[in-house]
């Protein structure tokens, strides 16, 4: 008898709790809205206000740390984007771009500080404790709902890396890859490319890091690895010398671009975007690409 | 030849020594048991009764001395101990039966696995043996459902079903409630009357008096005194025997 | 057969007073428990509900619609976890028993086997499961030995089996050694060999005794099947991860968590039932 009484009481308490949840959910929505109203794609450059030009100096920019530009990237930092896993040495395309952006904004090299942020945390809609992240992050509408992007600093192509001995080494079209077991890093646009563009018969393997995916390729556990083209060149020339690039995935109507990632609604976004635009216009980006991503043209495009 | 075998004791133990570390339990013990005889082993705790029985059925390896069964030295390391053990049945004081098996399975386990008796035949023989001990109707029960006395009777049936040459009883009634002791002793008495050779380590002096052909008093790891029950209980020669028996009497167990 | 006296017994007034007193005390305790529960829960609801981040948390962690939509994909991926779980459990039981038995062998002639078993158990209880998975799933194929398996499915099972066998073997060994030595004496006295005694008498009893801790290890194993995702296979947790990276809602993890709980509940209840049957749970409450 008492057990029933207790049970009834607990049920009442539970009902009260649920009711409380429902009601307080509707009220007091004072937090920052996570729904982005605008910015379908962060590709649109120069949506900056006219006053922005004047206010983008170390003195006026509200950086995480005064008079310092805090830049984030993942660890380990891969070639050809960085060299020797040391972003601060200025070598590698992304390291160079970061320092170029800093210089454009008026920061000296010594005012640039590097921190580590994992890829997954970068694309998540959480506040960042750095000013911007540079880590081969492709600009997508989905991601733009949760983070801010600068304009693109590199046009991305996805490529398929296979072992030279693989039967897929001579693939000429996407259809040739339908029987392959492909792999890519979790959560990347490379993975999307597999699912949306190649559409193989077997579901792809998703690895926590690129290094594990490369190991799987070496082991023969996957037939092909999909990564962006410069990384593909690095993989085939330095990491897995008996691998080759089977081909590039055609870019489609909306080519992917890498962008710098900032906290959603960051006040630095207009400045940073402006800086990237300037670097593009004055040819710096092109020059850096030539220097660091020299082979970015030799892989055939799969039809 | 026949007279020789007839006179030879079924079980012959000579100068047995067994020590556990520095504790010498059996110290040159010698003892003979004729076929069909019932030998009672009495003595204080720690006098070596259990150890002696465990040496006989090779659960313990002796440090020195010989045990002969049917004229064969069973303490020889070349002897197959498992085979010897089927000829020596033993019933312990407690934790005898296998609790996860039915009573019937307890009794048929050894015949089926050791002697390779087919299941149906083993069960028939087991039921007959359970009948013999008066527990046929408990064949499908679990050991935990039985009283202590019933469990010991099943244990006796289980040991008998391998048709041993000699039965060893290691204080089989000591852990039982007094009212259950009687049924077990009655069974042992019947077995003895049927001609089973047995060694009986016991505290039940009155029982030993009634049933045993010989009584051996163990003290200090050897047989201090032995003889018929009338001799040992009625007229003990050794002072230590007298002392022991007096203590037993005072405790009201004689 | 006489009727037992109890049929005609009626409680005395004294006993009725006792009953009434105890009932009133119980009623009071239940009421207090109820009121305090309501108060505490109410306080939590008020406190959490008015926290600044609550609406966002609610949208992220408790968006039922999004969670429900994602459930289908997770259930589909669950099949992979279940397969790995079932196969691993069988392997672990078999190998665990073997290792446990090896460790309980007696006599100097068996020393090498005992030592090997001990080394194995120490090694694989010491190495973190994650490292074992990396070594097995990625390391073994890198040797390029053609007849060894390459797929992450098979190798994950190998990794899980290697690690969990070590734990289960120890649990089983504890069970075997907890069986009273007189059982072994009784069995050997009947002429059973060491192997027969172990097989028919000791091991069955030992295993029954350690079923609860054993099942505990299996509940743990069920959850660790998600580590196959390191090898690239798409199982439940990875599916949740992907869903979360699509819409940034954590409710998908909540859904995955609930799926795992649902998976383990039958096993945990079975464990409790067996424990009760074995008499592990102590008797009724004292008044």
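List of remarks:
All chains are identified by letter, namely A, B and C, in their written order; residue positions are counted from 1 within each chain.
In this text, contacts are C-beta pairs under 8 Å (C-beta built on N, C-alpha and C of every residue); 3 or more make two chains touch, one makes a residue touch a chain.
Keep in mind that what you see is a predicted model, and the values were worked out from it rather than measured.
Here the chain at the heart of the structure, going by C-alpha means, is C. A count of contacting C-beta pairs for A-C and for B-C identifies A-C as the more extensively joined pair.
Here the spacing of chain A and chain B, counted between their Cα centres, is 83 Å. For the pair chain A and chain C, the distance between C-alpha centroids works out to 39 Å. Separating the CA-averaged centres of chain B and chain C is a span of 46 Å. Residue ranges of chain A in contact with chain C, taken from their complex: 2, 5-6, 9-10, 12-14, 16-17, 20-21, 23-25, 28-32, 34, 120, 123-125, 142, 145-146, 183, 186-187, 203-208, 212-213, 215-216, 218-222. Within the complex, the chain B residues that touch chain C are 54, 57, 59, 82-83, 85-86, 88-90, 92, 94-100, 109-110, 113-115, 155, 158-159, 162. Chain C meets chain B in the complex at residues 180, 182-183, 185-193, 196, 200-201, 204-205, 208. For chain C in complex with chain A, the residues that touch the partner chain are 26-27, 30, 33-34, 37-38, 41-42, 44-46, 48-50, 52-56, 58-59, 62, 138, 141-142, 144, 150-152, 229-234, 238, 241-242, 245-246, 248.
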